[in-house]
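I've put the structures underneath this note.
What follows is chain A paired twice: with chain B in the first complex and chain C in the second.
This part shows the complex of A and B:
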């Protein structure tokens, strides 16, 4: 009860602040000093907005409208931002077939395009490590190989954010800007993140990526089907990470990496559905996870044929 | 009626502080201008960083914390060290140290200002820092150790600003401060000083992802090195005051500080040795970071000269201070050596190896970029400016009070 009250007063505080500054800017910049005054007013409202988890549905719609409009004004791109919530009885999990992967990196490419990753810093959520037969962990392998694949006597291991059930990154974040959703996906509220990078230090799997520079994506390559917690545009100073393609998975599709993999090494699905492929793998294959001793309980398994 | 009197008193207090700070010799004015120049350099560099993003630093997704956080970590120790003066002077009623306790507190305030500025410039999105303020923002308390750190650092700043402000204000009016108004806070601040250091150590210690940091000795070692480096810095400030102002500091004080410094430095070296033993007697997969720090890995050895220099000058400084040569001229250089040694060892020598090799085993080198160095210079200038601005009026007030009350 008191919690609710607190939220309401806070909300009204933010609203007043936003309204006050909003009007001030509209009045002040009617000359269009800083681009269009509309964009400036929208940005001001964006600046004062709430943490995504505390927004009402109505507020979520508002911010999405503002973001879509801003993209139109500033980048001349019409985008569609989705805010689908976690579905009932869904917990996503992932499995990676070490025998099948041949290091083609189609998944990396697909991920970069799907998730609007920065092309300038060549950001990628997925890393593929080439390992000699007999090795076990990716940190013994080579993550920068550049030659014809598959290479004799070697195998390949893909890593990305493992969507831990007990995620140390979430525990570390000082602003609650990153959290685990009901369907098991660990997400970042980009607009709430202050860029302290504590979560990055806390992640034992190197699953997080920071925007050191202003991300650049060629306009015609922008994926316009976006999700608020997924592939919408980021700016410098924000943390981001793999979200199991939240904009796809919550619509019942598989992730871009799974779709792109030519060897079928990647398996994605609902851990709560006994008939799913991922459940088949967990039941019938010998699976293992990385750094189990840390107790992070990642929802990402490796297996061999 | 009473209220207007209080207000008037405070007004004239503030006015006098400002005039005392502006008045001074030519050398003093040049010194102030130099500090302002340094601050300006830092501001300009920060504007570049603000516009371009943290890409202008040499940090990366592997070394995601660098020079700023290193300096922050070291300075938290300096701030905490004021307690080494507060504790003996208030609890054991040590008259000598009581005289300089205010100087220790001022240095702590300066160090804290630098700490917070270092955190601020390290943020990717500084304009969003209000997200940390409970109320409009969301502080992830008690889960995130960073939120603890924010609370303890701010609390310590308030304590260390309020206590001396009250005492000085009383002395300024020629009155004896009333114990019950400030003593309780003094006791709180003693515990609090330990807290800022332990919490900052826990920031790193609490990360199982980083074996180099995930080490229970971290907290105690932080304290030991802080209690060596902090009093060493305070000693240097005291030497400066003794030589350059009319405020005189007795030899006994230096001697007491020296004993504190040497004891803490020896304990620090012991713990360092204990860590080195663990990493190298039977090196495991988790010793990679230590190997990287002391010997380099796969050709990446940028930290190696630094850490060995740190160890050598740490030892040298400690030994010189311990034997205390008759000629006083070795003391200040020894103090400076010790400070630099601990700064390397607890700054960049602690932060960078914690992050390398990355959890996926990747190794890279790191050295601060030009922008990082310039911003750091600016922040150090700011810290010295704050210390100067607080110390000058404090000394004037104290001196007057002593003359009038014939201590």
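This part shows the complex of A and C:
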């Protein structure tokens, strides 16, 4: 107990001390060196905010307002950050039809645009593997194909974060910057991620993506409809991943990849709704999951017609 | 800055430390310990809430008039599908509203008017690549008698909006999957009343196979 007390006093001391210095600095340079003093003040407050899960609703609104304002000041872009919570009785699940996918990669493109991914490094959450008929695991396939598709004697398999029900990535994180939400989506609080990449090493599915450099997105292409735990802007050194388009799915929409798929190979829906499409697939099709023996319990199934 | 980020971790550690049982008398606590371990295993065995058991236990029908479902309205130009899916009534996009030259009877009238090369001028772009060796003809699917309708092999008229009943004659497996949700896809929303794409939204009925083409983008090796 005394330990905890000490911590808090030390922390609050630091906070006050830093705040004092900060105010002094703002007063001192009043908008010259460090950009506008408003931006500086906002960034300063951002710096000391809580972990998302420990924030009260009010604190969440505050940080969102700050982030929106900062984007206006610094990037001259008006964005709309959302913090919709998980819905009751919803658990998202996904199914991928390996018979239907023809490797057109429309999903990959849509995902990049929807989630504001770095164009410079060609960061992508989804990977489509071209596999020879008879192969089973994506490790055997070709993830870098570029020729006319579909290729004869081949089939295609899409891989992304499977939103494991028992996610090893979450256990690996030393700062609790990543966790599983109630509706089953595994998210990252970008402001608490220290970029250690433990989670990346722990994920058996290559589900995580690391920003080695500052992400570059053409201003015109920035998706302004954002979610705090989803596609809001990341910086260099942060981990990110597929969130089943949390900014869309929590508003009742299908994910960007499902919407973009021209062949209907992707099925998305609520696993707890017995009438949903995904439940129909699980009930009526031969389904399998990747590396099921690891016990990660992914909510992503493959099936064929 | 990074040091500050450890605060959640530190908090949790503090909680863990409080939770540790202080074992002063190991002899007495041996049994206690054993029981704790057994209960722990029993507990984990019964409460292993894997996603499969969660799914199996979720059998309650979703009330479409509550929560997120309530706020989502049907897309424009949808029609009620003539068959129900497992969850009841569902909708599909109207086809007639998309055919620019519908109604067909505006040209195809009952009286015969001979115009040279007319078919070529109006429908010359249509190539039928459907049906394999026994290639389909126009009138396999389009009604000869009433051009505003399609027709089944048995001669039943089919509305363009309900084209699934025509395609489903041969592609009955796909139709079953389409009704259930394993074939085709929903329009924009997973929530709310169910509205799905019609067969012809994705397939060109005259040559339904997807054409070979270049992928939209490519991937670089993962670092």
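Of note:
Simple rule for what comes next: the second predicted complex is superposed on the first by the 280 of 305 C-alpha atoms of A that agree within 3 Å, B and C clash if a C-alpha of one lies under 4 Å from a C-alpha of the other, contacts with A are read in each partner's own complex, and residues count from 1 in each chain.
Here is the rule we go by: contacts are C-beta pairs under 8 Å (C-beta built on N, C-alpha and C of every residue); 3 or more make two chains touch, one makes a residue touch a chain.
Remember, predicted model here, so these are calculated numbers, not experimental data.
Contacts of A:197 after superposition: chain B is touched, whereas chain C is not reached.
Put chain B and chain C next to each other and count what each touches on chain A; the higher total goes to C.
After overlaying the two complexes on the shared chain, residue contacts for A:286 are found with neither chain B nor chain C. Of the two partner chains, both chain B and chain C are touched by A:51. Of the two partner chains, chain C is the only one touched by A:109; chain B is not. In the superposed pair of complexes, A:139 makes contact with chain B only, with no contact to chain C. Applying the stated contact rule after C-alpha superposition, one finds that A:219 touches neither chain B nor chain C.
In the superposition on chain A, contact is made by A:272 with chain C only, not with chain B.
Contact with both chain B and chain C is seen for A:175 once the two complexes are overlaid on the shared chain. Touch criterion met: A:297 reaches chain C, while chain B stays clear of it. Once the two complexes are overlaid on chain A, the chain A residues touched by chain B in the first and by chain C in the second are 47, 51, 54, 121, 127, 143, 174-177, 192, 194, 206, 210, 212. Per the touch definition, chain C reaches chain A in the complex via residues 1-2, 4-10, 12, 14, 17-18, 50-52, 54-55, 58-62, 67-69, 71-72, 85-88, 173, 177, 180-186, 188-192, 197, 202, 210, 212-223. Every residue of chain B that touches chain A in the complex is listed here, in rising order: 52-55, 57, 59-61, 64-65, 119, 122-129, 131-132, 135-140, 143-147, 150, 203-204, 207-210, 354-355, 357-362. Those residues of chain A that touch chain C in the complex are listed here as 1, 3-4, 7, 11, 47-48, 51, 54, 87-91, 93, 95, 97, 102-106, 108-109, 112, 121-122, 124, 127-128, 143-150, 165-166, 174-177, 184, 192, 194, 206, 210, 212, 249, 251-254, 258-259, 261-264, 266-282, 284-285, 297, 299, 303, 305. Touching chain B in their complex are the following residues of chain A: 10, 13-14, 17, 47, 51, 54, 121, 127, 129, 137-141, 143, 159, 168, 171-177, 191-198, 200-206, 209-214, 236-239, 294-295.
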